[in-house]
Amino acid sequence: MSQYQALKQTCYEANMQLPALGLVLFTFGNASVVDREHQVFAIKPSGVPYATLRPDDIVIVDLEGRVVEGDKRPSSDTKTHALLFKEWPMIGGIVHTHSTYATAWAQAQADIPILGTTHADHLTADVPCAPPMSDELIAGDYEHQTGWQIIQEFEKRGLSPAEVEMILVGNHAPFTWGKTVEKAVYHSAVLEELARLAYLSCTLRPGVARLKDALIKKHYERKHGANSYYGQS
Amino acid sequence: MSQYQALKQTCYEANMQLPALGLVLFTFGNASVVDREHQVFAIKPSGVPYATLRPDDIVIVDLEGRVVEGDKRPSSDTKTHALLFKEWPMIGGIVHTHSTYATAWAQAQADIPILGTTHADHLTADVPCAPPMSDELIAGDYEHQTGWQIIQEFEKRGLSPAEVEMILVGNHAPFTWGKTVEKAVYHSAVLEELARLAYLSCTLRPGVARLKDALIKKHYERKHGANSYYGQS
Amino acid sequence: MSQYQALKQTCYEANMQLPALGLVLFTFGNASVVDREHQVFAIKPSGVPYATLRPDDIVIVDLEGRVVEGDKRPSSDTKTHALLFKEWPMIGGIVHTHSTYATAWAQAQADIPILGTTHADHLTADVPCAPPMSDELIAGDYEHQTGWQIIQEFEKRGLSPAEVEMILVGNHAPFTWGKTVEKAVYHSAVLEELARLAYLSCTLRPGVARLKDALIKKHYERKHGANSYYGQS
Amino acid sequence: MSQYQALKQTCYEANMQLPALGLVLFTFGNASVVDREHQVFAIKPSGVPYATLRPDDIVIVDLEGRVVEGDKRPSSDTKTHALLFKEWPMIGGIVHTHSTYATAWAQAQADIPILGTTHADHLTADVPCAPPMSDELIAGDYEHQTGWQIIQEFEKRGLSPAEVEMILVGNHAPFTWGKTVEKAVYHSAVLEELARLAYLSCTLRPGVARLKDALIKKHYERKHGANSYYGQS
């Protein structure tokens, strides 16, 4: 039996949450979970439908994106996951979907503005949309460059991946992450709802104002601050 | 056994209606029910997913928001519920959700205009949207102030909480109430549908006219007036 | 046993189709079926939730809207149904809903333009939206006048209720009918989809052109004309 | 037993996928599968609801649209399918639906612009919308002419049906195809999602720019090019 059986099972269960939460159509998405001790991560195989996916189909890959264990080819987005795990040691799981409203914002090449407390409960910034990469980078090691595109957008904006756990890749679709893959899945579902709420508010009242700073701070701190009082711990 | 067992059960069942009616995602909502004799109310614990919620998790709180019975921390919105129960003796239950269309209107900081008889069957006014509170109040006892924000908006507009049983808190989300918590849940579902209908009408025909007074009056009275003839009693 | 048992059963089943097709929320709708021989019709009782509705709850009413058989109060819209059955001898069933997209058009006081063959497969005209009635009529026998509002709109436009089997009552919601109540239910579901399609086309391309006459004629005739070749008979 | 039993079963299963994927309401759609050896194809009977459809109801038709086997009348769109199978030897199955968002674009007489990688993963062009045919052609052999309308639009634009496997017929609805009928069904579901994504992006940001060529090429090639690395083979 594989030493990565538990890792594969965790990865399998996270992937199966994506269709259950209405975040993927057919095979348009993938979830991964890292094992920091062994410097590997588990990821969905490429193009396998969720209906037939089994825990043993999950592929184990190292942080350069090379297959360590598994019969199947890993997700075509594997090198993006690999780079994020390598560069961001604080994250434990990554999710990529083409969920409808988040992808519509990515296609519009627009940040999702922070318009309400539902958003502020989860992050204090607009959800960033990274502009498309240059033609040279696209023609090169594309999925690896997608990882850099994400990381550099965070650096350019001075955002921390420990605080803002989601991004839109312009003209493509969202990536989310978290301390665990369960949290990364949760962030994908939250992002889709934030994208839907903002779509509705912006089409109802074009030019609607962003949430004021005092409310952004209050809602985020009551859930995530030193004196948080949301939840049970 | 707790003397509040029945109260907890009623509160539990009302909370479980929220995901069943499609009004909450994850833990984004809560329902409470008051016991006027003992001056306490039952409310959902904070951050507990609906899938694992049990009647015994429900927390009993007094009208100052202090826990009377229960192992868990009550909803972070408890002080808002407490103030509304204290100030408005005619209400028996309160529901707070982040339901999609109602929240989109709250984010747009706009009243939901009364455009049709579906709306007039339930209330004769636009659904009010209270403007965000001042930075000073946000930094203070925020959830308690949210209660005042609601109450003062009703006073400013001359609305009665016995007749208009719903409000949008600007940039946040809706609160509804009723003589019973079952009615508060019903009003949350009705509000979400009114918000969706108005969104569609307003994006289809910007500047669409409000319903004329004679129709507002007629529909409300046939359902709620002295000579009402809707329903079985 | 009632001589109207079969009539009640048919009416019950038609009513239960409305929530199954996603056309009603709570109690916002009703279906009726006429017995031309006995000059009575069966209709849903007022305000009874679909979840608890039983065939024996269905009320039998004459064409003046007076209860003939049944313990419950009939739908508050009974007089509208009664007048339509009385004035339009070719119809066998009527359905009233507040289905979302159709109601959004009614709230916008706008006809649903014929934009495609999905529409032309069912009717060759825009779905008419009757303007709200005068304040005097609203204050009078309102539901009876709603029937006249529908009939007079058809007369004004030169439409035949045998060919156009649906209408929007301005600021209110849709009514549909048919030779049988099953067809009336079908028309309610078709109308909701036509309303949704037209909403999307009109918000995507404001001022989009109506379907050209040759296509309207072709699609309607292949389904309903003397030489129709759609379906099995 | 019919020599076409397996063909009918394949056709039946493809048709049953259409309501399962939310692509058809009532009887508004049909799927067909060709047998190139015998120069016949299997197609859904006209106007039969999916709930009661059985494999034996499927009709076998030759490439002129004449019934070869079956008790029922074939789909009223049979001649469109026949011509496409006859003229395009590389396709094995065809699907026609009135799926909501794709039909809304067809009603708007607009191509669906390529705005993101979800689109580019499947085709490198805008989804073409063929303009309505002339009144003379409509009055003639309409369904046969619909086939020509599709074929000529592809010729006019220099598109290959092996690479672009979907089209909108203006003011009508979409047709899709593929090497197999399973792929044709898949393309119908993909088209509906592309139509929905583009609707949202275009209403959010009118005039949004098309995807740049380098990204179109990259995404299509990684899935369909000579050195593709998506999927398992």
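Note that the chains take the letters A, B, C and D in the order they are written out, and that residue 1 is the start of every chain.
Operating definition for what follows: contacts are C-beta pairs under 8 Å (C-beta built on N, C-alpha and C of every residue); 3 or more make two chains touch, one makes a residue touch a chain.
Source: prediction; values computed, not measured.
Contact with chain B and chain D alike is made by A, C. At the interface between chain A and chain D, under half of the residue numbers involved are used by both copies, so each side presents largely different positions.
Centres computed as Cα averages put chain B at a distance of 33 Å from chain C.
With centres defined as mean CA coordinates, chain C is found 47 Å away from chain A.
Shown for chain B are the residues that touch two or more other chains, namely 203.
Taken as a graph of touching chains, this assembly is arranged as a ring, one closed cycle with exactly two partners per chain.
The full set of touching chain pairs reads A-B, A-D, B-C, C-D.
Partner chain D is touched in their complex by these residues of chain C: 115-118, 186, 189-190, 193, 196-198, 200-201, 203-205, 208-209, 211-212, 214-215, 218, 222-223, 229-232. Listed in rising order, the residues of chain A touching chain D in the complex are 25-26, 28, 45-48, 72-73, 76, 98, 100-101, 103-110, 132, 135, 138-139, 142, 171-173, 199, 202-203.
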